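Once you scroll down, you'll see the structures, which are given as structure tokens.
Both complexes shown next keep subunit A, but they swap its partner, so subunit B is in the first and subunit C is in the second.
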Partner chain A sequence: MTRNRADLDRRTVLKGAAAGAAATIFAPNIVAAQSKVVRIGMPTILSGRVAQLGTSSRNAIQMEVEKINAAGGLAGRQIEMVIRDSKGQPQEAARVARELVNSDGCEILLDAEASSGSFAVQEVAKDLGVLVMHTNSETSSLTADPKIRIPLAFRSCRQGIHDAVVSGAYAAEIAKAKKINRWGTCSPDYAYGRDNTQLFVEYLKHFYPQAEVTTEAWPKLFQPDYTEVITRVLQSKPQALYSALWGGDLTSWVDQANIYALFSQMEVFAINMADYTVLTAVKNLPKGIHSATRYIKTYPNTKANAAWGDEYRARFKEYPTNWSWENWVGIHFIAEGAKKANSADGKKIAEAMRGLKIDCPFGADGTVTMRAEDQTVINYAIGWGATISGEPYVPEVTGANWDTILQLEAEWKKRNNYT
Partner chain B sequence: MNLAALTDCLTSASCLVTQTTSGLIIGMLLFLVAAGLTLIFGVLKVVNFTHGSFYMLGAYLALTVNGLTGSYFLAVLAAAAGVAAFAFVFERFFMSKVYGSNVLMQLLVCYAFILILDDAVKIIWGPEFKSMGMASAFQQPPIFIAGGIIPVFYLFLIIVTLIISVALWLIITRTRFGTVVRAAAVNPSMVSALGINTGLVYSGVFVLGGMLAGLAGGLAAPVRSLTAGMGFSILIESFIVTVIGGMGSIAGALLGSVLIGLVRSFGSIGFPLFVEGLMFLLMAVILILKPSGLLGKEG
Partner chain C sequence: MFATRPNLTRDLIIAAAALIVLLLLPYVWPSRMINDLVIRVSAFALFATSLNLLVGYTGMVSFGHGMFFGFGAYAFGLSMQRLGVSIPTAILITIVSSALLGLVVGAISIRLKDIYFSFITLAFQMLLYSTVIAWVPLTGGDQGLMGGIPRPPFLGIDLSIESHRYAFAVTLVVIGLLAMRQIVESPFGYTLRMIRDNTERATFLGINVFRAKLTAFVIAGVFGALGGMVMALFVSGAYPEFVNWTMSGEGIFMIMLGGLSTFIGPAAGAVILSLLNDVITRGTEHHGLVLGAVILLFALGLRKGVTDFIADWFRVRREASSRSGG
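Here is the complex of A and B:
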């Protein structure tokens, strides 16, 4: 049997088509590697119950990347963000992170996940050897625990141990002044709620040893009805109550506690209250709830912070969240690291970021530092104050003492064998 | 476990008043949702998994109408009417097509609508949670009875729900519609043979059930955070209530709701870390002792 011309022609055509297809498939990565663009992959939560946090992270990043690109990008290469939804699921965050690097050609990961997702992304970054900036995970062990920490992973957000020291110190001052010894707690029954509350109580007692927790309530996450929890707290009559509830759960709880006049019967410390998401959602915000500053444009009370809050609001028709400023810090550390290293290479940026101090609207003194020893940000503005029902929501903020935070953090690390 | 605290509570008038009313309010709102669920099951023999979404839709409709009119009363009416209208369309064009099908097909239709309604809520009202706020009429200090605390709004909710329960009982037991519904639940073929349009009866029952869920969503909206997917947790508790009370029994749903409310309320004092577990334990014990539920019919 002989091959006729038609067969040969068809084979040639098929080979040509295959070569063309291969070129099409592999071309983007080749082009990306050679082009001036540097792709940064961003897994975050864009759907589900806490989607607003992911959306506000994306908004902040888009706003800042435009500015960084206008100023020359990363060592002359323009940043192209590739943003994907993880749906708040750790396994999806890991899958998306891997895909961002392997398929989308991302050279750096900006991990805007909650803690559960961040640990999964950290494993991917370790496996693939890419620079990762965790912008929202507040779980201290992510960077404090040497068994988890990796050289290419950094953190640009607040963390639990810092918050706990500041919260304990602030609450203790009020407890001393008002002789508040009997405390209750009401926090969501999962890892964050338990860890956060346990650390708060630890540092409250450190600063005010007379404090005693007489009631603990652990409503489940996303519980719709807090009636039995509220009445239980009221029955035990604590002088003060600490809560790590957050988001929609916190607004529900405030609305329901309000009609029991709970806020007039005890001092309430709700660490996650002072975020615009919650402050603007609660229609009848009680006066005098103590809260840490998550993000408010009046703390730190600087022109730079207020201007950024206003710029964000003008563009997105809502205020930024706690996650927004943390992403600002993450992307600007990468940009400043690239400038210092004069390179967009992840490993060189990582080297340049260790110990780097940058100007920042959210810094306690206008700057924040990427601490070299555990690659986590310190010196960010953090404080506590009492709410009022309208703007500026928390008119007077007691700022944190970073010397105290760092000293107690060092002791905490020692106790946990993290040194 | 803190049995001493529970004993103290049971011997203290203030604690008894507070915990009993809090148990009643938890139960009453649950009853409105569970009553619709059990009514639909009793007559149509369909487990309406979209019932939680009806509750969610009611809450969001109330939010919008409250925002437009500033009237909580109109908001609740709109929630009930809006969800009733939606339930009618849903039943006529979708659920009625799968009445004779297997449970899996019914589940599939319901689940599809849970997803569709959740996404519709996100598109229309946004993905972030919303809070409706308390009507000014209820923004007043709680009432103190024997040292116990009763919020005015919750007192209102308990009274309204009791009125609705009585009205529902009268409709089912004392009206022609109720007689037909009860007959259709027992022998739909005979009802049809007597010249009654059973399709219309089914539709009416579905609309009534949906309306109750919408009403519950509207009534609860001032003290709930509104998010897409908020109907899921209330659906689970409503199932527990219907199983405890007996599938298809409205009186059983009322009894089950109040029981669950009181178990949650007093359980949080005596067994603060096992409140959820207590609910399921109660359900398990009742299922073992009386598999058809407290007021359910055997077989």
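Here is the complex of A and C:
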């Protein structure tokens, strides 16, 4: 008798649980396309090692969507963001993106994924025919390669080839001035690290043919101990070292290289240094590390940029990241596109965005442009400078010359048969 | 191999009925989300059931089965992207190449027993994972196969159309499960159970244990690869995560959740884990914590999978009715 009662109870519980689960999953999300609200789905990384970047993307979007909504939303329709975690897994990014469109009624995707996830989301957008704005993927081929490019996909962030040209030009200037011919590299051993470093070396040699790479070190991604690579670099005594390490890896590397006084023995160019996540995490930030700007509120040195950095900091108790400004650009392009098209329809916004120029605190001249031919953003602020140990961290930034970038980018595209 | 056996007709009827229900589902309940879920579950069901051929039926706890899932996804994706072959040819390439992989890995691994077997399979998986990450020109490294997998039409089937993709996936999973059912119910399947329960006895009865285990390993690998292929079709790409050890872990979780004493258990586990994942990631960023707690509950609290409970319940009822009848 008791046993029966126990069975009954468990069944009831199971039934209840099943019904609850079913109700949660299958509850119809009644969202008519013409309702007042326009939903934008945002898959991003909110857990795991790069969660900080995903969170900073979400923060920026929340802050900007409030402003855009206050100004009338997308052609009179208020934006409602639906933000989900992809755990940094491409197949989850694909699943989440599909779910956002198919079940949550999102009409536009704002893809705040790292590069592998962005390619997965691109496939979803292709399949479902929705407008997608890639806000964080810096892999050039996403928009440069005509085989991958699709009419409804745009990119609102920096990309690898631009970075490489700027880095090569800046490093070459210093190399010329200081007669630095022997170079070493120390970058993470995966696609981004390899591509980035190879392109850097290519453009360094383009601007300064005497440069020669004598040492290469390839630590593993997320490696905890860099002693071996640091000592190897020190033994080979290059005059300068280039590194594409980023995030926590770069922080650990700088802390460990400090112990060996590496920074006093050679010029160091660490492209991902000038981002607050790294600058504030390093224990003793050495003076004079050269870095490209990722996000820093003093470059571009404008009131608009400083005000935005402060506003973000006041609200979220930390500085924005590289991904934050890139998401700013993404959502504002959509908003300005909708304004120009006077519609919240993805295809009309896409049409309006091609070639659109908008005012932007992170523009090289206060504006950024969505280049029509490959639907990617250009003319954003980018430069290099050397660090000091405290705020403003990189006091003087040498801005990039966009004419040079565009010219060399065009040649690069031709070489890769992307045109 | 497909000699008549008791219950074959019953299994065929169940399979046909399941196929009809699944094929009609989109008409009865038109929801892209359900379609997506069914396609993903199909991939995982093939994967988890094939793993259970090893874990449940042969007693070989492989920690590296995700290697076949990922390999299948890459083999299919690369055949389509690089070789430009038709889909049936790519499927054939996937089957043959994964069988070869199973043969090589199996021939080395199954010489070891218990935990050593588990760990060497894991080691092989990590070897494949590292290769995928490092061989950037072929695999795209950590970015996976980019640019989508082409899906040219064949025999009137166009897998770039959602409804066709759905029908293809459910047909494949039903046929796959039926084939695996046939295998485990065949004399060979009972040989595997005997090896699991008492290897010495099997040896004394003149069974070539090595060959039987190797055959099971290769078969499981092929079906695991087919699961990966369905996933590659769904996401139109292949990613290193498919080859990572976490994929093997998910396979084991599915078996634990669904139950390893019934044939359909792992497939049920695939449904449960997919649903749990989808529901939990909707609600919280701390999905690892919630999912972990659920799995802990199953492992420590219930100590059985869902279908084990159902099977027990039926058995108790049958015994009770036979008692009262007699």
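Rule of thumb we're sticking to: the second predicted complex is superposed on the first by the 386 of 419 C-alpha atoms of A that agree within 3 Å, B and C clash if a C-alpha of one lies under 4 Å from a C-alpha of the other, contacts with A are read in each partner's own complex, and residues count from 1 in each chain.
Assume contacts are C-beta pairs under 8 Å (C-beta built on N, C-alpha and C of every residue); 3 or more make two chains touch, one makes a residue touch a chain.
Just so it is clear, the structure is predicted and the values come from calculations on it, not from any experiment.
Superposition of the two structures on subunit A shows subunit C fitting alongside subunit B with no clash. With both structures placed on the common chain, the touch criterion links A:R98 to subunit C but leaves subunit B unconnected. Once chain A of one complex is fitted onto chain A of the other, the partner contacts of A:S47 extend to both subunit B and subunit C. By the touch criterion stated above, A:I259 is placed in contact with subunit B alone, subunit C being left untouched. In the superposed model, A:R232 lies in contact with subunit B only, and not with subunit C. Touch criterion not met for A:H134: it reaches neither subunit B nor subunit C.
After overlaying the two complexes on the shared chain, residue contacts for A:K126 are found with subunit C alone; subunit B is out of touch.
In the superposition on chain A, contact is made by A:A217 with subunit B only, not with subunit C.
After overlaying the two complexes on the shared chain, residue contacts for A:G247 are found with subunit B alone; subunit C is out of touch. Across the superposed structures, the minimum distance from subunit B to subunit C, using CA atoms, reads 6 Å. Residue overlap on subunit A between its contacts with subunit B in one complex and with subunit C in the other: 47, 51.
Interface residues of subunit A facing subunit B in the complex, by the touch rule stated above, are 47-49, 51-52, 55, 216-218, 220, 222-225, 227-232, 234-236, 247-249, 251-252, 255-256, 258-261, 277, 281-284. Subunit C meets subunit A in the complex at residues 31-34, 36, 40, 133-134, 136, 140-144, 146-148, 160, 162, 231, 234-237, 239-242, 275, 278-279, 281-282, 285-288, 313. In the complex of the two chains, the subunit B residues touching subunit A come out as 5, 9, 14-15, 18-19, 22-23, 25-26, 29, 122, 127-134, 138-139, 141-142, 149, 151-154, 222-230, 233-234, 264-265, 267-269, 272-273, 275-276. For subunit A in complex with subunit C, the residues that touch the partner chain are 7, 21, 24-26, 46-47, 51, 84-85, 87, 89-92, 94-96, 98-99, 102-103, 115-116, 119-120, 122-123, 126-127, 139, 141, 145, 147-148, 189-192, 194, 221.
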